[in-house]
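Both complexes below contain chain A, partnered by chain B and then by chain C.
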Partner chain A sequence: MNSIEFSHEEYDLLTELINVSMGKSAAELAKLFNHFVKLKVPALNIESSEVLPETIIKSSLFGELEKVIVIQQKFHNDYSLKGEGAIILNYKTRQTILPLLELTEDDIGSEEINDFLLELSGQLISSCLSNLLMEFFKSPTTFESPAITSKEENLRQVAYKSFEFGYQQYGDILYSKIDFIIDVVNFQCDLFFFIDTESLSHLQKILQKILEESS
Partner chain B sequence: MSLVNLKLLTEMFNKIDIGMMLINEDDKICLWNSFLTRHSLKLQTDVSGQNLFDVFPSLPKLWLSMKFKGVRQLQNTSKVSWEQRPLLFEFDNGGTMMQNCSFIPVIDPETKENYICITIQDVSSHAKDKLELKEILLINKSLEEISNTDPLTGIFNRRYICEALEEQVLKASERNLKLAVLMFDLDYFKLVNDNYGHIVGDRVLKYVADTVCGSMMKNSSFGRYGGEEFILFFSGYSIRDVQDWAEKIRIKISEGAVDSREGDIHITASFGIAQYTPEIKDDLEIIHNADVAMYRSKEKGRNRVTLY
Partner chain C sequence: MSFTILIVDDSEFARKVLKKSLHSFFTGKDYALSEAGNGEEALGKIKESVPHFMFLDLTMPVMDGYELLEELKTLDLNIPTVVISADIQEEAEKKVKELGVLGFLNKPLNQDRIADLLKEVNII
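This part shows the complex of A and B:
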C-alpha cells in the first residue's frame, strides 16, 4: 500500500501527458540526430523505493549481469517538483554513439567518448523532461550537470547501489521507464525518471486541477 | 513604460561577478561583459563579431558545437561543471580559473533570432577545497584497499565485510545454512557532530563499536558500512537468536554514554535484520533487505529492532 495513491483518472491523465510530451521529444530529437527516434513508455508507476532495485532490473533492456554505464541527472522545477533522470546503456551501445553523432574515431579519441555520452544523455533527459514538465509548470525546469555514476558494474550491482535517494529512499517514488531506440544506428538505452516523495502530492494536486477544469 | 533603462541594464551586466556573453547562430560574439574583459584582457570592441572559437582557440569545438546544436534545437539550458571540464575557457590574465558554465537559449522576442547566453562562474576556491577533500578521500580509499580494518573504530571496513558476506551467502546457498544480516545506524548522529564537533562524534562511533565488540557472538562478523552505519552477519543462528542479541545491544548502546565537556552524550541506534532465504540471489539483496528493515525502524520512531 503506497502512502500516495493516484486515482485511475489521474493515472490516465498523467500517462496521456507523458505520451504527448514523448511524441514532442521524439520529433525534437529526430531533428537533432537526423534519425527516426522511437520513445516507448512501458512503465509508469508509484512504487515504494524499497522495491526499486528489482523494478529496474526487470524493466531494463539489458541483462542483469551485463556491464552497464549509468548517467544520472538531477532536476527540479522551482523546487516544487524534484527528481532524477537516469540513462542506462551497455558498452555495445556506447560504440554506436559515434555513428549516431555522425563522427568517426578519427574525430575523437575513445577517452573523449564519455564527454559526448554525457552530452547526449543530458539532451535525452532534458528534452523528455522539459516537454513533460511544461505540461504542468510555466517556469522552465532546471537541470544539474549530468554525471557518469557507474561504468564498471553490472546492472544488478548498479540497481542496488546507484539509485539511492537518501532518507526519501524508503518513501514512494513516481517511476517511469522509457525505451529509447534509434534503429538505424542500433542505439538503445533505458531512460528512467524518478520523482521524489515530497513532489508527489504536488503533482497530484496539479493533475486534479487539470481534471476539474476539463470536467 | 519600463522601470529600468538600457544604461542601467548595461551597468548591471558589467558589474556582475560572472562572465557573460551572447553568441548568435553563427557562434559570433554579440555581447561581452567586463568580467570577461578583465580575465581575457580583450575588450568588447575587440571580440564583437568574432567567432567564439577564434577568440578561444583551445575550446573543444566538436563537442561544444554538439552542445550548441542541442541548446538551440531543444531550447534547454545546458551546464558544464568544473568537475567535468575544469578549465573550459582559458583566459589570458595568467590565473587558473576553475569554472561552472551555463549555456542558456535566448530568442530575440522581436526578430525571433536564436542566441546562446554563456555564463562563466569562477568556482576556483570551492573547487580547490573539494579537490583537497577528494585527495584525502582517495588516500583513505587506497589505505582501505590495503587494509581490512576501519582506522577509527578498529573493526572490519566495508570492503572486507562485504567480501566476507559475499562468501557467506554463497556458502549458505550451497549448503542450506542459516545466515542473517544486521544493519544499524546511529540516530540523529548528525546532531552530535553539529553540536559537539567531529572529535566527539568520532568518540561516539568508537564507543558504539567497542560496545558491540564486547558482546559479539561466535560465528559473527562486524564492520563499519560507512559513516554512522554498521553491519554484522551471523552464521548458523536462528533469526530469533539474532533478534534477541540485537535487542540486548540496542539497550546497551542506549544505556551507556560518552562524556564530553558539555556533559554526557547519550546515543541510540535503529536496527534492521534480514534472514537469508533461497530466493535471495546475493549479498547485495540481503544487505538491501536489512537496510530496508533498518529504515523501517527509523520510520517507526528509531531506537528499535525491525525484521525484514
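This part shows the complex of A and C:
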C-alpha cells in the first residue's frame, strides 16, 4: 500500500499531460536527427523506492545485462516539487551520434561525445519536464547540471547502484518512463523521471483542480 | 438518422474535453457519440457500424492511430477523420495525411481550433 494513491482519473490526466510534453521533446529530437521519432504511450506509476530498480530493469528498452550510459539531472520547483530525470542509452545509440558531430569510429573515445550526450539529455529532460511542469506551477523549474553517472556498467547494476541508493530516503516515488526511438538511425533511449513522496500531494491537488474545472 | 461520431483516444480526459466541445457545437442537432480507448477497440466498433466521422489519437496502446488508419485502408473503409495528437512532428502530420485524414490538430485541445477545423471540413 502506497502512502499516497492517485485515482484512475488522476493517473489518466497526468499520463495525458506527459504525453503532450513528450510530443514536444520528440519534435526537438526529430529536428536534431532530421528523422521521425516514434512515440509510445508513457508508463506512469507510484511505487515504493525499494521496487524501483526492478521496475527500471523490466521497463527499459535495453536488456538487463547490456552495458548502458546513464545521465541524471535533478530538478525542483519552488520546493513544492522535487525530483530527478534520467536518460538511459546503450553504446549502439552512442555511435549514432558520431555522424552528427562529424566524428568517425576512430574518435569513439572522444570527450566530445560525452559533452554532446550531456547536452542532448539535458535538453530532453528539461524540455519535457518544463512543458509538463508549466501546466502545474506558475514558477519556472530549476534544473541542476546533468551528469553522466554510469558508463561502464550493465542495466541491472545501474538500476541498483544509481537509483536505489539515491532514492532510499524518499519512500514512495512517482515514476514515469518515455521511449524515444528513431529506427532509421538506431537511436533508442529511455527517459525516466521520478518525483518524491513529499511532492506527490502537491501534484495530486493540482490534478484534482484541473479535473474539477473540466467537469 | 443521427450523425455518428467516433472518438478514439486512450485518454479519458481527452475524450471528455472533446465530448464537451462537440456537445456545444452540435446542441440541437441529431448526433450520436461513441468512444474507443485504442485502435483495436475502435475497429470492433467500426465493423459493427461505420461512423460518419472519426476523431483519432495517434499514440495509443494495443493498436495505435497509424495502425488503425492502415487497417481501414486495407478494409477499403473511408471514414472522414481528424487526427488529434500530442505528436507535433511535421512527419506525423505528413504520414497521416498520406493515409487520407482530413485534418490534424495538436494537443492540448482547444475549443476554437476544433471548431475552426470542423468548419473547414464542413462538419459544422
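Operating definition for what follows: the second predicted complex is superposed on the first by the 190 of 215 C-alpha atoms of A that agree within 3 Å, B and C clash if a C-alpha of one lies under 4 Å from a C-alpha of the other, contacts with A are read in each partner's own complex, and residues count from 1 in each chain.
The definition used in the following text is that contacts are C-beta pairs under 8 Å (C-beta built on N, C-alpha and C of every residue); 3 or more make two chains touch, one makes a residue touch a chain.
Note that the structure is predicted; figures quoted are calculated from it, not measured.
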| item | value |
| --- | --- |
| Touching partner for A:V37 - first (chain B), second (chain C), both, neither | second |
| Contacts of A:E9 with chain B and chain C, given as first, second, both or neither | second |
| Chain B versus chain C as contact partner of A:A27, first or second or both or neither | second |
| Chain B versus chain C as contact partner of A:N19, first or second or both or neither | second |
| Partner chain(s) touched by A:K161 [first = chain B, second = chain C, both, neither] | first |
| Touching partner for A:I206 - first (chain B), second (chain C), both, neither | neither |
| Contacts of A:D115 with chain B and chain C, given as first, second, both or neither | first |
| Of all residues in chain A, those that touch chain B in their complex | 28, 31-32, 50, 53, 101, 103, 107-108, 112, 115-116, 118-119, 122-123, 126-127, 130, 140, 142-145, 147, 156-157, 160-161, 167, 169-170 |
| Touch list for chain B against partner chain A, complex | 60, 62-63, 66-67, 69-70, 73-81, 83-85, 281-282, 284-285, 287-288, 292, 295-296, 298-299 |
| Contact set on chain C toward chain A in their complex | 10-14, 16-17, 20, 58-61, 85-89, 91-92, 95, 106-108 |
| Chain C partner contacts - residues on chain A that touch it in the complex | 9, 12-13, 15-16, 19-24, 26-27, 30, 36-37, 39-41, 211, 214-215 |
